[in-house]
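Have a look at the structure below before the remarks.
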Amino acid sequence: MTIKDTLSTGAAIALGSVNATATERTPADSEVWDPEPVHVATPLNAAPSDAVVLFDGSGLSEWESVQGGECPWSVADGVLTVVPGSKDIRTKRSFGDAQLHIEWRTPIYKEPKIGQGPGNSGVFFQERYEVQVLDSYENRTYANGQAAAIYKQAIPLVNASRAPGEWQTYDIIWTAPRFSQGGGLLSPARITVLHNGILVQNNTILAGKTEYLVPPSYSPHGPGPLMLQDHGEEVSFRNIWIREL
Amino acid sequence: MTIKDTLSTGAAIALGSVNATATERTPADSEVWDPEPVHVATPLNAAPSDAVVLFDGSGLSEWESVQGGECPWSVADGVLTVVPGSKDIRTKRSFGDAQLHIEWRTPIYKEPKIGQGPGNSGVFFQERYEVQVLDSYENRTYANGQAAAIYKQAIPLVNASRAPGEWQTYDIIWTAPRFSQGGGLLSPARITVLHNGILVQNNTILAGKTEYLVPPSYSPHGPGPLMLQDHGEEVSFRNIWIREL
Amino acid sequence: MTIKDTLSTGAAIALGSVNATATERTPADSEVWDPEPVHVATPLNAAPSDAVVLFDGSGLSEWESVQGGECPWSVADGVLTVVPGSKDIRTKRSFGDAQLHIEWRTPIYKEPKIGQGPGNSGVFFQERYEVQVLDSYENRTYANGQAAAIYKQAIPLVNASRAPGEWQTYDIIWTAPRFSQGGGLLSPARITVLHNGILVQNNTILAGKTEYLVPPSYSPHGPGPLMLQDHGEEVSFRNIWIREL
Amino acid sequence: MTIKDTLSTGAAIALGSVNATATERTPADSEVWDPEPVHVATPLNAAPSDAVVLFDGSGLSEWESVQGGECPWSVADGVLTVVPGSKDIRTKRSFGDAQLHIEWRTPIYKEPKIGQGPGNSGVFFQERYEVQVLDSYENRTYANGQAAAIYKQAIPLVNASRAPGEWQTYDIIWTAPRFSQGGGLLSPARITVLHNGILVQNNTILAGKTEYLVPPSYSPHGPGPLMLQDHGEEVSFRNIWIREL
């Protein structure tokens, strides 16, 4: 079982100087020059230069109603706000694996807050998989239904919620599920979420499409739109951008 | 192969109402109330309330020299700066899985920048695994040695570098390697890095401890300090905090 | 980024001599003596000494009807055979992760074989997850429903079926799904199947409980019985053993 | 967060009838007919019809010396035996992911057996990664160096060794490591081993190339030969076949 000189012969099969023996190695042997990563500008409080800007304060050209037709939500003062009853909206483009940045704000409540009521909305990847948006600041609901939960699937690691009226951020790394040619599940969807900069979902596995009543399950699909939910609350959004991975 | 009534009997083995059939199910069946996530405050430009604050502008009580003794780097104007030649520093505490936030700034160069020279430093997890710090703004070096590279292991997805003199951020999710009782590798270390808010390492697998000359390899170990590198350059740091996962 | 003498200091944190530097290392440094694996006898055509013998040719004490009561299938000439209409059977014991060996034989058909008819049965792990048993020798059916399919989830890599009347083997490595305290899916079930010694499922991910009509989904559960299916065909079994992993 | 009618609209994006709602679904919706798995014959005690037969009792055309030139080991009575001192042998073909079947027999010892001495040989995948072959029947050595160990990396789950002079089998599922274009480790090698039909390595992660003295590490490489080791002992082999996965 000792690795004798025969194996160093074998090593010569592999790639160039990386396989030089320790005695011959120079630091340059482990330098890799290509590919050179593309430069991306990262301005403060704005989208990076390689992102698809979904909303930067004006214009809804990236969005449509899920019922078809123009995006029915309102834009004022650089902020996109749900028009309750107007239905969900989704991007015209479809995405698979992606990094998403989105900022959101729930309205201030005068009456006592109750459970799923205040500031309810949601961010859906591929139009199926929801990260919950909710006013979860001093507002108890079921743990797998509060802000930053993978709705009815995964409880956030901590509750990083800010108060209603304050802007909050989600930075999300989304890995789409993979399906075989025959439609079988090759790998489930995975998600990492930073809520206000705090890790709340750590490469969490999704068990399937978000469901309200039945257990989640997968049906094969390709890339899909990002969807934002109208749940009857005037939740606002700003500075939305996505980068395909 | 059809799943007959026998299987629904079997399902009764599982947990409570989750296994109710679709016709009987109510939305409450899929609500999970416990555990309730702990609330964490997330002030702007400061550490979250549950973090270990490693540096907030004053005081070096969390740090020591890797040679033993007090931290030899300088603090001025709320900024921690390498004192070239004073050696690396490390935290007194040890960490395993963790989320790290750190801000860094490389000095402005008057002479032409060359490769690994300008602004070279590094962030080491468990005192072994390095995320490169370098002035990689309009400064070509080997791709697996530029800023946000896992040094000599993994090229960043993009180059999100800002110019020297500007503050930059790393938000890092670190998953420590696991070893068997017998010292075998059960799972390699994994890392996700956002550089200035941009995903540059996506759950990247590490092949072992960072090495300069030889290929990286694993030797079993437990939690370890966070280490910052003195590579002879006056690199500055601020707003450093870590959360154990 | 170079790993200087500081890091070798760091290495001293890790376990003993494993971290000796290359120049000091001896071959004994990488020897691990404990734990010593337990010896298991592996007689030809019989269960290994550490297995739970589920059927060795006589006796049904390990089995019961899924309807409750004694196992209603027949034993003759050392072979266990389905009594059509008597319902499925399951082990009295429950299992999680396991290695299963089972031999099966489908009856010889006089009439033309059609799809799911001939020799239909199934092996269910944790009473939920089915590996199909079928006469798939020169008998076309849907690919995710033939012998060695994860029923309606995963097509076998090849069709390793022997003719009806011949004994066939399954050697299966079953990894149970894991659920969080809150019932979320931490990791899906995985299965590796050798059919007549040939790899037909290679660490395949299951999307959930086997379903006939709807997409598979997970509901949290613990260990469960092994179940064999009565699908109205006189399928026979022998030499059944299982090892908990 | 409730999934309203908008989502069922979204579901129409996905593949055909698989997304029909439960009320509309028929069993045929979840049948997948293509691709149809190829039939493979599985004769008893011989290679399956789709395997590369590496040794079936006569002929060494698949093998060569690792020093170049013809395979220097002996063939007699349908058995391939190490000629001590003649050096290791390897296949002329290269393989990546593969299923390997190999039978081996260690010689009977008259003197007391000691550690790594009796019946020492090894099976190397891609000429780098060793599954130990040793007479580990009533012969204590370091646990990560006994039969079925991933040499100096992973202890077998149990000791399934038969006595010297008896034939033993390895059925191995090998998953090659993956490397990025830049030479980084994308995923480590994994191995599953059945020793005499018993699971002894369960999707074990390898930390790198087998090493005798230093910790294992990865250097990027492509497919490579299967190698058998001459460790100075007259170990015999028979019925060797491999299937590319």
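Letters A, B, C and D name the chains as they come in the text, with residue numbers starting at 1 for each one.
Quick note on the criterion: a residue touches a chain if its C-beta (ideal position, glycine included) is under 8 Å from a C-beta of that chain, and two chains touch if they have at least 3 such contacts.
Keep in mind that what you see is a predicted model, and the values were worked out from it rather than measured.
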item: Between B-D and A-B, the pair joined by more C-beta contacts; value: A-B
item: Most widely separated chain from chain D, with each centre as the mean of CA atoms; value: A
item: Inter-chain centre distance, chain A versus chain D - centres from mean C-alpha coordinates, in Å; value: 38
item: Mean-CA-position distance for chain B and chain A (Å); value: 19
item: Chain B and chain D: spacing of chain centres that average the CA atoms, whole Å; value: 35
item: Residues within chain C bordering two or more other chains; value: 2, 18, 22, 32, 34-35, 143-145, 152, 155, 182-184, 211-212, 214-215, 219
item: Contact set on chain C toward chain A in their complex; value: 2, 22, 143-144, 150, 153-155, 180, 182-188, 204-208, 214-219
item: Chain D contact footprint on chain C (complex, rising order); value: 18, 22, 25-27, 29-40, 42, 48, 50, 99, 101, 140, 142-146, 152, 155-162, 171, 173, 192, 194-200, 202-203, 211-215, 243, 245
item: In the complex, chain A residues that touch chain D; value: 1-4, 6-7, 9-11, 13-15, 18-19, 22, 32, 34-35, 66-67, 87-88, 90, 94, 116, 120-122, 124, 127-128, 130, 132-134, 145, 151-152, 181-184, 209-212, 219-222, 224-225, 227, 229, 231
